[in-house]
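Next up, some structures in structure tokens.
The same subunit A turns up in both complexes below, where it pairs with subunit B and then with subunit C.
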Partner chain A sequence: MSTIVLDPITRLEGHLKINVTLDANNTVIAAQASGGLYRDFENLLLSRVPKDAAFLTQRICGLCPVSHAISSAKAVEQVAKFTPSLQGLLLRNLIQGSNYVSDHILHFYHLALMDYVKGTQIHPWAPTYGKDYRLSAADNQTLADNYIKALAIRRKAHEMGAIFSGKLPHAANIVPGGVTAIPSAADISKFKSYLSEITTFITSTYQADVNKLASVYSDYYNIGKGYGNLIAYGVFDTDANGTKLFPQGIVTNGTVGTFNQSNIKEYVGHSWYSSQSGTNPASGDTTPNYGKSGAYTWLKAPRYNGQPFEAGPLARTWVSGDYKKGVSVMDRHMARYTETVKIASNLSKWISQIQVGKSGYTEIGTPASGSGIGLTEAPRGALGHWVSVASSKISKYQIITPTCWNASPMDDSGNVGPIEKALIGTKISDTTEPVELLRIVHSFDPCTGCSVHVMSPDGIEMSNFVIQPLGV
Partner chain B sequence: MKISRRDFLKWSLATAVALNIELDMDRVNTVLAAETDPPIIWLNGAGCSGCTISTLNVTNPATIDNVLTSKISLKYDTTLMTASGNTAMQTLDESANTYKGQFILVVEGAIPTGANGNYCIIGEQNGSPLTMQQAVLKYGPMAKYVVSAGTCASFGGVSGTSSLTACKSVSTILNGKTTKPIINLSGCPVHPTILVQTLIDLSLGSAPAVDANNRPTKYYGVTIHKKCERREAEEVKQPGVYGCYKEIGCKGPQCSNVCPSMKWNNGVNFCITANHPCIGCANPTFPTNPLVDAVSGATKKVEKKG
Partner chain C sequence: MKDTIIIGIGNILLQDDGVGIRVIEQLENEILPSTIELVDGGTSTLDTLGFFLDYKKVIIVDCLKAGLEPGTIYKIRPEDIKDYKKENLSIHDVQILEVVKMANMMDKYPEVIIFGIEPEKISLNLEMTEIMISKIPEIICIIKKELQID
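== the complex of A and B ==
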């Protein structure tokens, strides 16, 4: 038996360590994923004005700030029993959709591709592993050149979103009540112009490149499978009644089922917390305890009905039916591409529904008390914010992020996390260059700044929560 | 796409070198000259990588492809670099030693000091966890310049409001330990033009004139309100309607940054023109509670904070 430690895993946001144990045939028999950062968000959110959380929680993750703002705004809107206007919801879709497109292109070309393609041999693309580059010289060159093109396209997708969000990353105007932008005809026309160029890139270049990768590395349809349990909270409101472009649901044994947030519980048996284990986010507590015996990460272990679930584009496309071929490294890339196409095409629909000169914002004041849940999806998977308000201030705030699901550690029942599970069983061809591990981890698009767990030290009774869909 | 033919060739040729494609050596040497570009080591602490993403969005003075291939040599940056694990950590250490006294250290995020720094572990060196605090203390004094990218690194920012993690700014951690004053580039995130132009200026040997918070005066010398296109507009009582938000606590009058002149995302927009008050994200006091305060917002003074 031998072990491989990869710390840091690069080309992701934050700090992630992977530690695997190999048998005599160099097959992974045990794996641990460790998040290296704890940011203690509860202390900075407690006693704050509820609406400020939409700004502060964006600072959890610079890759998916828009989804945090929307999750937070939805949670506070549920406390205030308010649903934004269709204009507000559409503006959120346009901003969130722009960020998805930017982030998915960033992921494929700049975070994942260098596990398969050899770039220019200068820093930061060198040094690199030297094995298993299977593309022909010409194809390698094409994809390496498209890495550069993609830098411009992902930037332009951010520029497109900023037309309505003020700036990106960290949107200026997604707040409880909607979005404060007042679209002009020029804004709409500029958005369409960006979208046209970006869509062309997606449906020609990105399509060709992901297909090329999938054909040359087709064995990766059978690597990194994991549990096959998938979870999606749903994202992109298409009307004010809660209809979503990607609906919520769970997938077990290849069958889509109903999602209910009350089935989520979090475990800390192997996490650096001495908190109560097995609680719903509405009723947790936290006490960080670095170095706790048997623990190896700052991430907790969220479970649905006691089982580990994988979040991300593949979960969304399985539930929506847009892509449900399998669960593997390459399926995750194909689902992310499929989703990018669908979002780009719906951005085109949503922008045509936007009304010129009409604000997407309604002033809703500050709710005095109550609890709310804001569920959406970050590009990398299911995202939820749970908030309680007392005396018009935040009395409790908790977040479960997608990477909390995916990079979670072993739970108290001994179930390893989804990334850990996906690593187990993988044969490493060269233990000095374990590129297989990187390919598996990167396919989940982990984001460990995003995985920072947010807990309140105060317990709260479940009965205090109104666990009903807000209607958005 | 703003990429010059030369840059494109440089990228393509270097890729070809990697694949042992036949080349004439003069052209290869041009490629390898990129390794003589100013060395940069970028460390991420307790932050969100928003400053990294903001930097990828740069268009002025150059787009990021041009910056990476022609302006700087990014030795260590966990978001972009290909190498992982030991190879990555060796690259960090070797680059710092090879370019000791020459490289620019960019720090993004604040530096947790609680639990002996273990709230932020950036990798494993010699079989032990390397905390952000240890890394900054180790590599900061070896750098020619140290640049704090964003408000967390400059002043603590959002990360700095946790008493438990006890996050500190770069200046606090490295106080008196660097050869030259630390340059703070605040903003949440940092404006990409400020960051990239400062790196280029520093690599050309010109240190900028700085304000009391060690920020270049050419970017942080004028308040947002002073150059705001809404300055003469009617003062309104809520966000989401056209007007000046001074009366509801817009931080524009107390926050200095390039937002109204350069705007964000290639000049597309900024916060106030998106109909929301400035939240003062470049201020040493960011994030205030509340972020925008209708009562005292207009009269609050910005305090210096380490």
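== the complex of A and C ==
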């Protein structure tokens, strides 16, 4: 029996450590995923004005700021018993949809692809493993070239989102009440022009590349399967009655069932918290207890009806019926691609419904008291904010991020988390270069970035770079 | 025509980690030449790529933990550390260097200067420590000197 520790897993946002135990045949028999960063942004929000949460929570993460802002705005709107106008909802779709497209392209080309494609040996491609590169030299070159093309397209998707959000990465105008933008005819035509170029890239280049990968690595349809339980809160309002482009639902044994948020409970038996275990986030708290016996992570373990569930594009496309072939590493990539195509085509519908000169915002004031839940989906999966307001101030705030679902630890009943489960049973062909593990973990697009971005260069004598104080 | 951009990176929710953003906020109150653009990059380092493609000179202001006295200001250029052998160097979260590499792959080679400030405390707090706040005027002086602004 031996163990492999990957710490940190590179090419993902934040810090995630994976620790697996192998049997004599080098098959994974146990796995632990550890989030190494304490996350307690919720306590920072207490006693603040509710509308501030949309500005502050999007600072949690550099990859899903838009979805955090929307989740927070929806939670506060529910306290105020308000639904934004269709114009406001469509503007949110355009901003969030642009972020999805940008993020999915980033994930496929810039975070995941290098597990399969041999790049030049320079960072960020290096360090890479030298194993199991199966693409022909010509295909490898095409994909490496498209990595660079994708950088340019991704930037355009980012600029497309900024047309209506005013300012990205951190949007200033997604607020409780809608979106404080007044679209001009020029904005709309600019958006369409970006979208046209991006859509061409998705439906030609991205499509060809993901299909090539799936055909050469088709064994990955049988690797990293996990539980097969999928969860989606739903995203992209298509009317003011709550209809969603990707509806909410849960999937067990391949069958779609009804989702009810009251079935969500968070467990901390193996997490560094002394918070009460098994509570719904509406009544949950965040009390750290580092070094707690039996604990190995800063992530809590959210469960639905007591069971682990996987969140992400595959959950959304399964519930919506757009892609439901299976649950595996390659199915996650195919679902992410399928979803990207669908979003791009709907962005085109939504932009044509936008009214020139009409604000997407309604002033809703500050709700005095009550509680609200803002459910949406970040690109990497289900995202929820739970808020309580008393005396017009936030009295409770809890967030469950998609990576909390996917990279969650063992719960109090002994069920391991979805990524842990997906790793178990995997045969490692070379234990010094366990590329199989990286491919599985990356397929979930984990992001524990809700974190510190401080630079910390080890191995460099930094005193050489100190600026002497200026003379006074 | 704008040819220089100053990008603040960091998380304002994490006390001194937000110093880059606080510097940008302060610079917004200053009178600067019309050639200079200011950006609050927040925590989305990878999304700053476009700026490296469009500007000749990129100034990054970020929190940099190297272990010297809190408030120490460092000035590094990506080329200063590129020759360190991989085995001697592990850089966590220095995504900005990846972004520089990505720009280079796209055939753009802007001049990049990173001003890093040693933090005293990184914990959940919107207010920076006194020492960090007191350093902001000096950081701004240094940036202005770098850009030859009087």
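Throughout what follows, the second predicted complex is superposed on the first by the 448 of 472 C-alpha atoms of A that agree within 3 Å, B and C clash if a C-alpha of one lies under 4 Å from a C-alpha of the other, contacts with A are read in each partner's own complex, and residues count from 1 in each chain.
Please note the rule applied: a residue touches a chain if its C-beta (ideal position, glycine included) is under 8 Å from a C-beta of that chain, and two chains touch if they have at least 3 such contacts.
Since this is a predicted model, take the numbers as computed values, not measurements.
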Partner chain in contact with A:47 - subunit B first, subunit C second, else both or neither: first
In the superposition, subunit B vs subunit C on subunit A residues touched: B
First (subunit B), second (subunit C), both or neither touched by A:203: neither
First, second, both or neither for A:140, with subunit B first and subunit C second: first
Touched partner set for A:164, first subunit B, second subunit C, both or neither: first
First, second, both or neither for A:288, with subunit B first and subunit C second: first
Touched partner set for A:355, first subunit B, second subunit C, both or neither: neither
Touched partner set for A:175, first subunit B, second subunit C, both or neither: first
Intersection of subunit A interface sets (partners subunit B, subunit C): 8, 15, 40-41, 43-44, 56, 59-63, 65, 106, 110, 122-124, 126-127, 148, 151-152, 154-155, 158-159, 167-170, 449
Subunit A-facing residues of subunit B, complex: 1-3, 8, 10-19, 21, 31-32, 34-35, 44, 46-54, 56-57, 59, 63-65, 68-69, 73-85, 87-89, 91, 95, 112, 115, 118-124, 129, 157-159, 161-165, 188-189, 238-242, 264-266, 268-276, 279, 281, 287, 289-291
Parts of subunit A lying in touch with subunit C, wherever the complex brings them together: 8, 15, 40-41, 43-44, 56, 59-63, 65, 106, 110, 122-124, 126-127, 148, 151-152, 154-155, 158-159, 167-170, 449, 451-460, 462-463, 465-467, 469-470
Touching residues on subunit A, where the partner in the complex is subunit B: 5-15, 17, 36-41, 43-44, 47-49, 52, 55-56, 58-63, 65, 106, 110-111, 114, 118-129, 137, 140-141, 144-145, 148-149, 151-152, 154-155, 158-159, 161-170, 172-173, 175, 177-178, 180-182, 190, 288, 290-291, 298, 359-363, 438, 449
Footprint of subunit A on subunit C - complex, ascending: 9-14, 17, 40-47, 49-50, 53, 62-68, 72-76, 80-81, 84, 86, 88-98, 101-102, 105-106, 114-116, 119, 122, 124-126, 138, 141-142, 145
